[in-house]
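Paired with chain B in one complex and with chain C in the other, chain A is shared by the two complexes that follow.
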Partner chain A sequence: MRDKILLLAGFVIGSLIGWQAFPLALYKTEEQPMQFNHKVHTGEQGGMACTDCHIINETGRFQGVPTIAKCAECHAAPIGSTKQEQRMVDEYITPNKQIPWKIYSRQPDNAFFSHASHVTIGEMKCEACHGPQGSSESLKPYKENRISGYSRDIWGVSISGFQSESWQGMKMSKCIRCHTDRGRKDGCIACHK
Partner chain B sequence: MKQSITRRDILKLTGSGILGVMLSPLPWKLLDDSAIWTQNWERTPKLSHGPVTTLFSNCTLCNAGCGLQLKCVEGRPYYVSGVRLHPFTHGSLCARGISSHHMAHHPLRIIHPHTFSGNAGSSRMTAVSYQDAVSAVVQKIRSAKGRIAILDHQPGRAISEVYRSFLQETKNGIYLTSPSGENRTLDAVKEMLNNCKAELGYDFENAKLVVSFGAPLYDGWGIPGRMTALKNGQSCKFIQIDGDRSRTAMQSNQWISITPGTEKLLALSVVFVLLNDNLVSQSVRRTINDYSSFKTAVAQYSPEATSTATGISAKVVRALARELASAESAIILSGADPGGGPFDLETEKIIASLNLLIGNVGKSGGIVVKNNFPGQELHTAQIQWTSVPDHSIEVLIVDSSDSGYALPWNLIEQKLVEKNRCIVTLSPILNEISAHADYLIPAPGNFESLMEGPAPASNTTAVFSLSAPVLTRQENCVEPIELIKELSAKLSFALVIPTQEGSLRQRAETIHFAKRGSLFIYADQQTKSVSDYSTPDDLYNELLKGALWMDEPGKQIPVRSMTLSINLSPFFAEQQGGLKLIAYGWRGTTSSSQMSPIMSKLFQESDLRSSNGSVSIHPETAATLGLKKHEYATLSTKNGMMTVKITIDPTVHPNVIKASVGPLPNGAETPLNPAGDNILNLCEVKSTGTWRITDAQLLKV
Partner chain C sequence: MAHHGRTTSESIIMETMNEKKHKYGMVIDLDKCNGCGACTVACAVENNVPPAVEKMNSRNGITWLRVSNVNQNESFTENDTVFVPMFCQQCEKETPCLTVCPQNAVDIDPNTGIVGQIPQRCLGCRYCMTACPYHARYFNYWDPQWSDGMKQQLNPDVSPRMRGVVEKCNFCHGRLHAAKEKAASMGNREIDPKEYVPACVESCPNSAITFGDLNDQTSVVAQLSKQGNAFRFLSRLGTEPKVYYHSTREWVRAMAEQKGPHSLRDSQFSAEAIHG
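And then the complex of A and B:
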């Protein structure tokens, strides 16, 4: 009986290290430089679409996170009276300084991804990869992998690698699975230029 | 009762703890993260993030001269693609082209002048000052009793004219170009047209039938995008004559399998049928000065007489001859495999003569006459390698450009004097030829300097394009024209050599003055006439931004006189004997070429291209030698031996060892030790200038 307890205890401790302590040690949590409410912009109040700010320009290039100039188009003066709004105007818009957002979905440099191909030609919804970001009211903390330097969102919420939602995780295996499901037979060079 | 903790308890606890950890995500997550961590070391070059700019340029990595679109961040190209509506490439690029922006960062990049000591195969590089290297070369040229030669891999550029002028001043100069290339059949036709001075090209776009004797038309030949577009267009029938089911053979409309080395016999038997079945028109016959002697010379090569040797039935040969004669327009061209090299001149001439016999020279859809570059109506004839006496070259200067075709060191060696010779190579990257040099002068890397786009020999019009500098030039790199200028000044030659920019501006001025042709502008994909440019500077600046000047089509003149002058040498004896090594390669992977290590790694890991050191043999040959797939064997010729990996291919002829010359396996790009570990070094260079077939042995390791 004692042996069994010992074995079970060891196994439980090992599992706790692997499943709970390891992720805590692996990821460093950092807050975004300021908060942002997507829902206000995209909901009934704002009525904007994702691509109004996350622009695919006339050359077909995706411009990613909007620059401060884009924010200034509407927020040259504070809209409303929140502290965040005032801070954005004072610290970033007025001095024309970019907000150092931490990008949840930043991929390694050796991966080439064309938003234009996927959204325009492939007619994919932004939510298919990014989840319901557009309806979020605040930005979640950014979790940086201490070893690889990338966001936890690349691996996915679950440390097991098996994600509960189809949009969670942005590893190459997910790209391959989606391409295979859609009958796309691309070689390495399609993404690794 | 108190229980003490025993060592056994600790072991159980630890063991089960490890099991618990092992069954958690920790191990594979750590593995994954560690792998990514290795990609992010400080020394790993990083791409900048920022606004993307688009530039246009032209590829200078081989003679195709394809148009390029460069996506850059902070002025550094990170992505290269073709120019969509480019009149020749149609937006396509080869694997070297799409990785051309890697080349300036190649691990074998040379950024200081070097000397080499010791023998090839065990030589050591020592840094030397540029001025010391120049002084030594000047001294050598002054005291040379033998010939001074310059090897220009991309003839037809402004620098090529500078080389010729320089050589003329040396009195005993020889201007050499790559022994292989797509111009072999065209050169043979020119010779038979009584050494006509006009440039020729292949009018594939209007041809109805193309017969290729081993030319890898769909595998990097000519301008790859042009050939791909022709294939996709399907308006022309392609017949490939190859010893095995090559990539081109697989994609052609018809593949005629031939016993390797008997291409001359097949060409002769086609000539036989054309002449004896009255398939040569009276008008053509009248233009052939030596018609009767030619007919007599080929009299013994009936399809029936050659079928055993070629492995092709007389019926197929006769059908081929009739198809050629009845085709509305046809082109017949010959080999020049990028690795296996050209056929001998005699074979080239017989194949070329087919174009003349069916009357398809100087005619749309055949071999057409193109205008020479404005202001260059007469070219100084370049010398064929076979015409250079053995052991006659004392000083050899090798240009930094690249033809993409193999040039075995054995062939160069054969032409060099045995002692006190001096080899100077200009190259941005250490390659097989530069590893044999006495002085290696670093040339600017890809996109680091202003360069002229090469002029493809197979084109139907003259072209001119530029590749503007995008990257910062390395400090010690020397333009070839700067070296020639310096040598000329120190040798007190009465030459006025312009700068690189000056020479290219002169070309633009000449085009502007001639008011000929048009520019295809890459940025807006539009064509504009040369006469629309008010000044030569406007034209030059347009070319600098990314454009292609295309001359007007040449005026086609019917052939009035030709001399076939083919003296047939004994042939059948060469075909006897045991195993034959036949080298082949992919353009841009051998000799003076280097490719991005990323591509060579990709090829090696994917088996998309067989690496140097991989050989294919017929199952019967494998059974006889007791070899199986993926086993290793020792391949030996009289030049040496190397260990090779066996692949079994039923389309390879029995007793043939088909060996890939390139790409080199990843990590083996360092050519300082080339002897014995490269297929090309095992090939025997014949007196006819070919290295296509070599007697060889294969023994199981």
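And then the complex of A and C:
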């Protein structure tokens, strides 16, 4: 009996370390350089679409997070009364400095992903991979894997790998699943560079 | 998900649908090549090949595309010489590097026919280098290093390789990605052939290299590859390379089947190899 209790206790302690303590130690948490409210921009007040700022340029490349020039188009001087906006104008727009955003969805360097292929031709919604970012009111802390240097959003928030939503995790296995479901056959270099 | 229930006939249809749409290849006119080496430089710059370190030599350096000088070793007035740009010949059948790779790091892209090499999968055993009859594969003996200034000119479409892996020509696949993205942003699934031209082809001042889709019978490259004087190196091995050469000189065509074109690495054939 005593053996069984010890075994159970060992199992519980091991699980706690593996599932709780290890993830805490594995990821370092960093705050974004400033806050951003997507909802203000995309909601009734702003009425903007994702593609108004996150554009695919004329060469077909996705530009990702917009540069400060895009922000300055509307915010050359503060149009609201929040502290964050005042800070953006003072610290970044007026001195024409880029905001050093930490990118949640940055893939490893050897991955090639074409937004144009998936969005323009494949007619996928941004939310399918990025989740309901457009209606978020603040930016969550950025978590970086200490070993690989990748964002936690690549693996997904769940350490076990179980995901309840399509936009949790951005690993190669997800790319492959979607491609095979659609009967596509590709070589490695179709998505690797 | 849904695909688990796929029937055999459906799978067969999908296989057929996925028959190679494109088969990219090249024809190099050796009579036009004057050995200037512009292709070698353009290739290295395009594909983020790091500059040589101090200890590098012609055997352990990295040159995806190497121009070799082959001459007949005759006396001065009799002698004839040819420059041969040699790189991955993109073998279509029994691809030697693919067959031997224990890591599945080499594959043939089913849509383009390009032989791909994935450094992240490579364990560095170099079996593929031994297997390659063209010695077109190179091993990273050192960490790639660029000076700060040179880092600014790295090509973002090509991921640099790390120490301990093999690399080779992939027909400037980054340029195909770029062409595909551009086409996709305009709603096209097919690229404009003019948008996808490898760096060596673009840089050749004599237009000695023609690139295109061998499956497209109307393309210049498909027609050139069927010319009487077109040939492939070591065609007797049956690997069916997708890189063709062309020369009106008989001794040049004969050289392509001689034993040991590996001596291309040492920049010239011996007279013995050429004549008998």
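A few remarks follow.
Quick note on the criterion: the second predicted complex is superposed on the first by the 193 of 193 C-alpha atoms of A that agree within 3 Å, B and C clash if a C-alpha of one lies under 4 Å from a C-alpha of the other, contacts with A are read in each partner's own complex, and residues count from 1 in each chain.
Heads up, the rule we're going with is that contacts are C-beta pairs under 8 Å (C-beta built on N, C-alpha and C of every residue); 3 or more make two chains touch, one makes a residue touch a chain.
It should be emphasised that the depicted structure is a prediction, and the values quoted were computed from it without experimental measurement.
Upon superposition of the two complexes on chain A, a steric clash is found between chain B and chain C.
In the superposed model, A:T180 makes contact with chain C only, not with chain B. Comparing chain C and chain B on the residues of chain A they touch gives the larger count to B. Look at A:S160: by the touch rule set out above, it reaches chain B but stays clear of chain C. Of the two partner chains placed by superposition, only chain B is touched by A:N145; chain C is not. Of the two partner chains placed by superposition, only chain B is touched by A:A9; chain C is not. In the superposed pair of complexes, A:A190 makes contact with chain C only, with no contact to chain B. Once chain A of one complex is fitted onto chain A of the other, the partner contacts of A:N110 extend to both chain B and chain C. Judged by the touch definition given at the top, the superposed model places A:I121 against chain C, while chain B stays out of reach. Look at A:R61: by the touch rule set out above, it reaches both chain B and chain C. The superposed model shows chain B running into chain C at a single listed stretch; among 151-159, 259-267 or 529-537 it is 151-159. Contacts of chain A with chain B, set against its contacts with chain C after fitting on chain A, overlap at residues 59, 61, 109-110, 112, 188-189, 193. Of all residues in chain A, those touching chain C in their complex are 56, 58-61, 109-110, 112, 114, 116-117, 120-121, 177, 180-181, 183-190, 192-193. Remark: chain A residues 2-3, 6-19, 22, 26, 59, 61, 108-110, 112, 145, 147-150, 155, 159-161, 188-189, 193 touch chain B in the complex. Within the complex formed with chain A, the residues of chain C that make contact are 1-3, 14, 17-18, 107-112, 114, 116, 118-121, 157-160, 170, 173-174, 177-178, 180-187, 189. Those residues of chain B lying in contact with chain A across their complex are 3, 9, 12-26, 28-30, 32-34, 36-37, 39-40, 46-47, 52, 54, 78-80, 98, 602, 606.
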